[in-house]
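You will see two complexes here that share chain A, one where it goes with chain B and one where it goes with chain C.
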Partner chain A sequence: MNPLPLVWADLRARGAGILALVLLVAFAVAMGVAVSATERGLRRASADAARPFDLLVGMPGSPTQLVLAGVYLQPTALPLLPPETLPGLSREKGAAWVSPLGFGDSWRGSPIVGVAPELAIDGGRRPVAEGRNFEKLDEAVVGARVKAALGDTIEPSHGIGQDDDDGDAHVHHGTHYTVVGRMAPTGGPWDRAILVPIESVWAIHGFGTGHAAEPERIGAPWDADAPGVPAVAVNVRDVASAYVIRSKYRTGGTTAVFPAEVLAGLFATLGDVGAVLRVFAIAAQALVVASVLMVVLVAIAARRNLIAILRALGAPRIFVFLLVWSEVAAILVAAGAVGLALGLCLAQGVAAWADRSLGLALPGTLGSDEFLLALASAGAGLVAAVLPAASAYRRSVAEGLRSA
Partner chain B sequence: MLLDAPAAVVGALVASGVRLEYPNGAAGKLRALDVARIELRGGSSLGLSGPSGSGKTSLLHVLAGIAAPSAGRVMWDGVDIAALGEGARDVWRRTRVGFVFQDFHLVDGMSVLQNVLLPCRFDSIRIEPGRLAHARQLVSAVGLPDPDRRVERLSRGERQRAAIARALVREPRILLADEPTASLDAATAEAIATLLTGLSRASGATLVVASHDERLLSRLDARLRLAGGRIEEAG
Partner chain C sequence: MPPAVAGSPGEKLAFADLYKSFGVLGYEFGDRARELAGRPVVMRGYMAPPLKAESNFFVLTRQPMALCPFCQSDADWPVDIVVVYLKRTQPVYDPSRRIDVAGMLELGSWLDPETGFVSAIRLRESELRAA
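Now for the complex of A and B:
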């Protein structure tokens, strides 16, 4: 038996109403899909961004703020560490390398971060993609997405996001960097950053270079009275060393955090929010599926005459069932497909926003979770449609014909 | 009551003691039909006349197996369809009966040919080429030039012609029609009456028609006049 020509004729006859239903269900599916894809992408992108940072040391305060500033380069005013902290950390046996993080300057919206040379290449694990690492005070390595070419000159401005055209009150006159390298992509905010020697940042602001005997030198070790920095990234040799250093720098007026641990806490919160959003999305879908079923019931009531006529012509029970059920199936499958496409668009929209606002490269793609979600929504609707479809056969044919 | 010779060929009917009752609240039951006996030879035609509410449509429904009688037997070719379950009656009706309704009841959004082929879709996924060719011949035979035309664009007379083709597409041995000319103008009604009786004779189907239309009834082999659910007069 084949009720599809009838289903198709009915769908065409009620085109506008059916389209509205499909879009209604599709929006609900899209919401769920987008929430799921965005949360998954956010977790992955933020974890990727934090990977090079084993340990962050800063002044006591909010660990989240320290991670947001140090890992995600969010403009935050962090108090400076005491001068002895950086030299002390660089002498730690368990530290493979340490890098001060000096924020505050920018160029055309890209933050300029004073660092040790090791950070630009993740201690050698991530060589520069173009050119070479900085070796002199006036050299810079740009992130993968900074719009500057090798050999370009960068003139830093004080502050983040300042437009050079605002005037030159914030520009550090007489200071410039030459771009000598480009970092390999990280997929995080550091792709928009410009990395320069921390010594030059200190020097621009009149604090010397941290190497009194060799002012042109860059990198560790620094003088014991080197200027303070808001945060220090520590790359450890092993897990045990990480705990030893963290424990040591959690006392004495500093704090040390594992970014991964802070992120886990954030994810737990985000995860709760994600779970709530998912519940809302699923509730919305359940409501829409319920409304679809209501519409199906109304449609069955409106089409009782047709069902009676079909039965008078000899249509078997299964044909009538399939007629009603296939129509619901067609609506839900179409809505699932449209919902996936809309969800993908939404996820890509959020990814574009995250890229612009947070510098996080969210994948903006759908995974098996999202496909399963759409399938589950459609499947639930198909199962739920069994009852009204089965009930379509119950009314007396003679009664149906009399009212036809 | 004997109409023509005793039933022996396909499409022969013997109905006896047929009663159809409906629950009627405190009043108990409402008897819609109380027919002592009808016999009809296969391939012949019978008209059911009578005023509105006399039981014509109810009798037609019982004969088609659409409604199960409260009592009695409805034997078509020796099979008592009153004793069959609902599913079995559906199968019997699908394979042996064609039905023409007063208001045509074609499915809008489908073409003439799709409507005609509709009963063929009840038990097969694809339409066999032979069945398709037969349907096209029927559409042509009922005088519709364009089988692909959407039915909502047809006139009332054309719609009834399509409905007759649909009733005949499975080559039924029994053709039942409920007021097939009631909603048509006189000229169209005449044409439909000619078509219905002509095609049923040509196919050898037994034809039972419930109608007020004297011109249609006069074309049939026999007539039963119903009143209050009973046979008032046979002729």
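Now for the complex of A and C:
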């Protein structure tokens, strides 16, 4: 005998209640799925954002702050490096190219960063998506997501979050850049940045251009007495040089860090937090599944005479077992599937938030980990469903009929 | 499941055997390193601070990269490093902890297309565990 038609009829008869149970379990599954997907996405996105930066050199202080300012463009007041650091770094044999990072100004919420031309194209590995790289002091390349078109004029102001019509805004009057190119997307906060020659940032602040002999020149090599910069990004030729330059610039009043070593520490913390959240999500799921099983046990008790009648009509014990088991299993498997979908929505919500507030492009997709998680919880549910099924299986017919 | 470092058939290779000479004009690989090239070896060393996040490679050094402020000088940094490519991404180890790495020895200058880094000595398909 096939119990499935009866299972289906029973589920349909109690549609609203079953739907509530499915959603209850699905929400618990979604929590676990979203936590797992978000943690993986954050790791991936922040590692990708750091990829173009091999080594950052700055003044001694917090390596985390240096990385947050340099890679993730979080507004931080970094002290200036001594003038000889940048020219010294650009002469290092192991350095493929170096770029100063001059923060501080902004335009309509986009940070303006003074850099070397190589940074806009990642040393040639990421050509501009539109237009060309900057070649003159008053030219700018905008990040992939800056709302400015080629040919637009950009007037820098201090700080972030000022509008052009703000009366008190500190505007560098008389200075403006023309947008000549757009960077290819990086998936990181640099997509919202505006890249200008570092020489123009120095000039705006009255420091000269770092090229006394050729005032119009941009890029390396800079004069030995070029103005200071808050941080320098170094792109190295080979693995050994990365460590040589790192050691060399960790002494003598500067510090050098691989963004990856800071990220490794942050990821370890993130992983710990993720592990705690996962434990809570699994505990919540176990509680919800337990309460669903309780509901089913109560329902079986309430309908014990129906089950007894089935048995009296000749249904074997195994039929009753399969009937109850299939119903519970159907609820839990459906919940796993709905939970995956809900988890995907949650993960995409978090991704949208990270995009807005951190400038990080999280994939917001589900990986094999999340599918395994949903499968595991559905699987555990199938096993747990044996409990109420067995209780229905054991019930005696005579007793069930008597209590009718 | 412990990585199969201990039981794996790999010849032990020491950092001292990697190079015969290392100068301004270039370097020459050691006899033992040349003899073991292309074969599975086991090396013991320390994991240097990671160069790239979420990647499958790290740098193995003879000495731990100084965490001690009294030892830190650029002269400390040795040139005989080995770039280790892992079979799968593994969490970062404490740089002061000794590790064993088993992998296929590869010699000669090679440019990693993904990172753009050049390296001279590599271990491929590697697995690691604390020594």
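What we mean here is this: the second predicted complex is superposed on the first by the 402 of 404 C-alpha atoms of A that agree within 3 Å, B and C clash if a C-alpha of one lies under 4 Å from a C-alpha of the other, contacts with A are read in each partner's own complex, and residues count from 1 in each chain.
FYI, a contact is a pair of C-beta atoms (placed from the backbone, for glycine too) under 8 Å apart; a residue touches a chain by one contact, two chains touch by 3 or more.
Here the structure is a predicted model, which is why all the values come from computation and not from measurement.
If you put the two complexes together on chain A, you find that chain B and chain C both fit without a clash. Of the two partner chains placed around the shared chain by superposition, chain B is the only one that A:3 touches, whereas chain C remains out of contact.
Of the two partner chains placed by the overlay, neither chain B nor chain C lies in contact with A:207.
By the touch criterion defined above, A:47 lies against chain C but remains apart from chain B after alignment on the C-alpha atoms of chain A.
Seen from the C-alpha centre of chain A, the directions to the centres of chain B and chain C diverge by 110°, a value given as a multiple of 10 for the model superposed on chain A. In the overlay built on the shared chain, the residue A:398 is in contact with chain B alone; chain C does not reach it. In the superposition on chain A, A:248 makes contact with chain C only, while chain B stays out of contact range. The least CA distance from chain B to chain C in the superposed model is 45 Å. When the two complexes are superposed on chain A, none of the residues of chain A touches both chain B and chain C.
Residues of chain B touching chain A in their complex: 57-58, 61, 64, 66-67, 87, 90-91, 93-95, 97, 99, 101, 103, 105, 107-110, 114, 118-119, 121-126, 166.
Those residues of chain A whose C-beta lies close enough to touch chain C in the complex are 43-44, 46-47, 50-51, 54, 96, 123, 125, 235-240, 242-244, 246-248, 250-251, 258-261, 263-264, 267-268. Residue ranges on chain C touching chain A, taken from their complex, read 48-55, 59, 65, 72-74, 76-77, 79, 81, 83, 91-92, 116-120. Here chain A touches chain B in the complex through residues 1-3, 5-6, 8-10, 12-13, 305-306, 309-317, 319, 396-398, 401-402, 404, going by the rule given at the top.
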